[in-house]
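Below, each structure is written out as structure tokens.
Both complexes shown next keep chain A, but they swap its partner, so chain B is in the first and chain C is in the second.
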Partner chain A sequence: MYFIQHIESITHQDSFQKENIWNELKPLAGENELISPDYKNYIPVAALRRLSTILRMGITAAKACQEKVPAEFDAISVGTALGCLTDTEKFLVTINTVSGDVLSPTAFIQSTHNTIAGQISLDLKNHAYNMTHTQNALSFEVALKDGLLCIDEGKHSVLVGAADEAIPFLERLRGSLIETTYPFTSGATFMVLSGEKGNSIASIRACNVSFSDKHTETQVEQFLEANHCSLQDVDLILEAGFDFKSKAKNHISFPEYTGFYQSASAFAVHMANDWLINHVNDSRILIVNNLELNKLGLTLISRNEVEA
Partner chain B sequence: MSDLKENLKAQIIEQLNLEDLTPADIQDDAPLFGDQGLGLDSIDALEFIVLLDSNYGIKIADPSEGKEIFHSVNTLADYISKHQ
Partner chain C sequence: MRIYVTGYGVISSVGENSEENLLALRSEKTGIKQGKKTYTERFKVGEIHWSNDELVQRFNLTQHASRTAILGMIAAKEAFNGHLLDPEIKTGLISGTSVGGMDVSEIAYKDFLSGESDDLNVYKNHPSGTTSEQIAKELGIDGYVNTISTACSSAANSIMLGARMLLSGQLDRAVVGGTDGLSQFTIAGFRSLMIFDEEWCRPFDETRKGINLGEGAGFLVLETEETIKKTGKKPLAILAGWGNASDAYHQTASSPEGYGATLAMKSALSVAGLKPDDIDYINAHGTATPNNDLSESHGIKTVFGSSIPPFSSTKSYTGHTLAASGGIEAVFAILALNKGLLLPNLNFKQAIEETGLVPVKSYSEGNDIKHILSNSFGFGGNNSTIILSKV
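And now, the complex of A and B:
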């Protein structure tokens, strides 16, 4: 069992350091912006000046998680689809426009996908296992599976998270490389997972990723069957890209709340965890991430009492 | 020389993202690195090399000279005026 000990999100919702994010959530409409905490409370000013939004979000959410659990993380697993876009764009534009022999090092250093996990480790002075996963819209699920394997190996306090940031250039890819009708948004969600229950309300029961054109509903049924339940046992489906309206007791399209960023399914875990706090009679929540064609992420979350 | 120093301060603020500072906050003779001054670090030293190259066309052949050249706005301005 993989118990969710603590979870923090920085998104376009007022979701950071909230008792229950459902008190704050509302469907995104029209113009909306990332709701940023005061990063100076978490990151030294000298370091903050050169950190882009995705790094600020990631480090802050991770540090807020570390503050809530006594043990140092013994593994850090981060998913990001497009990585540090602001720095990548800055570096590429500089290559094209600057006429000197030398290029600004900061944007280059911080343009790699693993900067987020690396900066978290540096900031926390954490020398444990540190891994970054990038698998398009399944980046979070792959990072999560790595985190679950770490717990299987005996690690006690595993930080799993995901982050992506929007830049204006993404609008130019809409309809060609990126198919979505939702606004491009930024978000970071980090959670502490452990094999020990502690004060945890909910657990990750299973996670599966699939890169195939197999029928989505069939894959969902097989996944649930492998975990000894069926759609009738699922109290809420949080989905992106596949409509389960007719099959589920409750059904929410999570991009309505997150906007579009490829690792938004991490925030769906936060939504699921806090839903179970609010709905004491509900036991199981299924996250169906079909944000991109032929990529399916399935995460089953259950109330701890059911399994204990 | 004073115009050069003012320009340098503005360029330092922009290149190093020192958002909370204005040129008036940087003293001509204050150390730029270490706890006594602006608290800049080794990545900033690399940014200075880029700044000198892109804004003044000056290449620092021997990086070990950097510690002396980048000590303060005064030393930077002195180096630029001698090598431009």
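And now, the complex of A and C:
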């Protein structure tokens, strides 16, 4: 069992440093924007100025997690689907418009996917295992699986997170690179996982990813069976789409709350954790990440007392 | 449980398969030349001289994709050649890349900026994760497909994650490595950092000025002992150790004393159950920047004390191939293990004054080499080390 010690999200919901995010959550409607905390509380003003949204969100959520747990992280695993888009685009504009030999390197340095995890380690002076994963809509799940593996290997306090940021250019790719009707949004969710229960309410039981031309309901059934339960035992399904709406006791399509960013399933873990705080009779929550047709991510979360 | 290497493949500016790469290493022939593309012509680069379309034709690839994906397909296909897909053998693919499909998306984006119509379908090749999905598809692998993006240590980290996935039983076999195609974005990026050497790069030399960029891909096939019983594959090397640590010193620079490097090397030795004395050759990260080589030298001195094994940087052959470097250099390490090679650090003349370390200066065969340590360090403080051992 992988106990969720603490979890923080910065999203288009009022979700940062909340006792329970469900007190504030509502489906996104009409115009909405990222609800940014006061980043100055976590990042020195001088540094803040040159940091893009994804870096601000990632560093702040990670530091807010570190404040809440006694031990230093002994592994950091971060997922991002499209990475640091603001700086990537900024540097692309620079190289196409600035002539001469002197280019500012800041945007280039901050354009690589590993800037998020790298900055976190730098700010926390953390020398532990540090990894950055990117696998389109499964970016969070592959980072999570690495984090779970770290705990299996004996690590005690593992930071797992995911972040993605929207830039206006994405709107042009609607229908080509990205198929969605949801608004493009930004978000970061970071969590501290441990093999020890601590004060946690819920734990991640398992996470599975699959890349394939076709996915079937059988895969979901087999995943649950391998974890000693079935769809009937699942109290809530948090799904990227609507395939399981008719089969679930409770069903939420999480992009209605997160908008579209490919690592939003990390926020679904936050939704699941806090749901179990509110719904004392519920035991198991399944996150079905079928945001992209050729991928399936499955994450099972349950109340700590539940056997399987 | 042991992790075996049962296949390897490489493409770089010195050759389009392992055999050609070995020939170039043996003849001490660098692949670094004056660039041929509009954005590389001012620099010395380790460029592969075929265009994307030519590569697709030449290697009978089924997909047109970005250069990063194409190079990855070529090296991964060589590594996986002769291996069979089998539903009983859970096979995954982990690839490292720094910029993914940037070489094609930057062209479309340039059209967009200049007000011309950009081909929106081109951007489908952009995400780094997509390059791995395309490589996996070329090999027929599905299930677990993942991409590591830790800058210049990406491939080493992919290899390491593959080993851990095998040890945990989540996979029986993994195709692991890294790939990066040259792009204007990368060339301009490193130019902005002002760490190019206009001459041939000189790793570990007192007069070193910086890097020559390169492109390529390197992949390994990893199998457990149990899997080998089923596949009947001959083990070509043992992946004995791995370590990953964060330098946590600076966004781009390495700590002067090589703290992260030291941690990564020590942790790899500990996983392998080896002492520093057991290492017979180090394939260094050795980018030839003043900062990296000094920091890495200090790290090596800290770990190995007064008895430093022969070491060299083969980036003087291939250029710095970024996310691919750990994969390409892992293949070089396996070639070195199996033929007892010590690979020369081309262009070296004068030891760094502060450390006095002298790398391998000429090629030799038939040396007694049982364990090789290979370093890969990336921006963001991502330091990784793998150890490959003779079967």
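Please note the rule applied: the second predicted complex is superposed on the first by the 304 of 308 C-alpha atoms of A that agree within 3 Å, B and C clash if a C-alpha of one lies under 4 Å from a C-alpha of the other, contacts with A are read in each partner's own complex, and residues count from 1 in each chain.
Please note the rule applied: a contact is a pair of C-beta atoms (placed from the backbone, for glycine too) under 8 Å apart; a residue touches a chain by one contact, two chains touch by 3 or more.
Every value quoted in this text rests on a predicted model; they were computed, and no experiment measured them.
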Message: Based on the shared chain A superposition, would you classify chain B and chain C as clashing or fitting together?
response: fit
Query: Is A:135 contacted by the first partner chain B, the second partner chain C, both or neither?
result: second
- prompt: Which of the two partners, first being chain B and second being chain C, lies in contact with A:149: first, second, both, or neither?
  reply: second
Task: From the overlay on chain A, compute the angle at chain A's CA centre subtended by chain B and chain C, rounding to the nearest 10 degrees.
output: 70
Field: Partner chain in contact with A:93 - chain B first, chain C second, else both or neither
entry: second
- prompt: If you stack the two complexes on chain A, which partner ends up touching A:49: first (chain B), second (chain C), both, or neither?
  reply: first
- request: Could you look at A:211 and tell me whether it touches chain B, chain C, both or neither (first, second, both, neither)?
  value: second
Partner chain(s) touched by A:103 [first = chain B, second = chain C, both, neither]: both
- request: Determine, under the contact definition given at the top, whether A:29 touches first (chain B), second (chain C), both, or neither.
  value: neither
Field: Comparing the two partners chain B and chain C, which touches a greater set of residues in chain A
entry: C
- request: Check the superposed model and tell me the shortest C-alpha distance between chain B and chain C, rounded to whole Å.
  value: 8
Message: Quick check on the output: what are the common chain A residues between the chain B footprint and the chain C footprint?
response: 101-105, 109
- prompt: Contact residues on chain A for chain B in the complex?
  reply: 45-46, 49-50, 98-106, 109
Message: Using the touch definition from the top, list the residues of chain C that touch chain A in their complex.
response: 98-99, 106, 109-110, 112-114, 120-121, 123-124, 126-130, 132-133, 136, 142-151, 157, 161, 164-165, 168, 170, 184-185, 188-189, 191-194, 244-252, 259-260, 263, 378-382
Message: Which residues of chain B touch chain A once you look at their complex with the stated criterion?
response: 15-20, 39, 41, 43, 46-47, 49-50, 53-54, 59
- line: Listed in rising order, the residues of chain A that touch chain C in the complex are 76, 81-83, 91-97, 101-105, 108-115, 117-119, 121-122, 124-136, 138-139, 142, 145-146, 149, 152-153, 172-173, 176-177, 209-213, 294
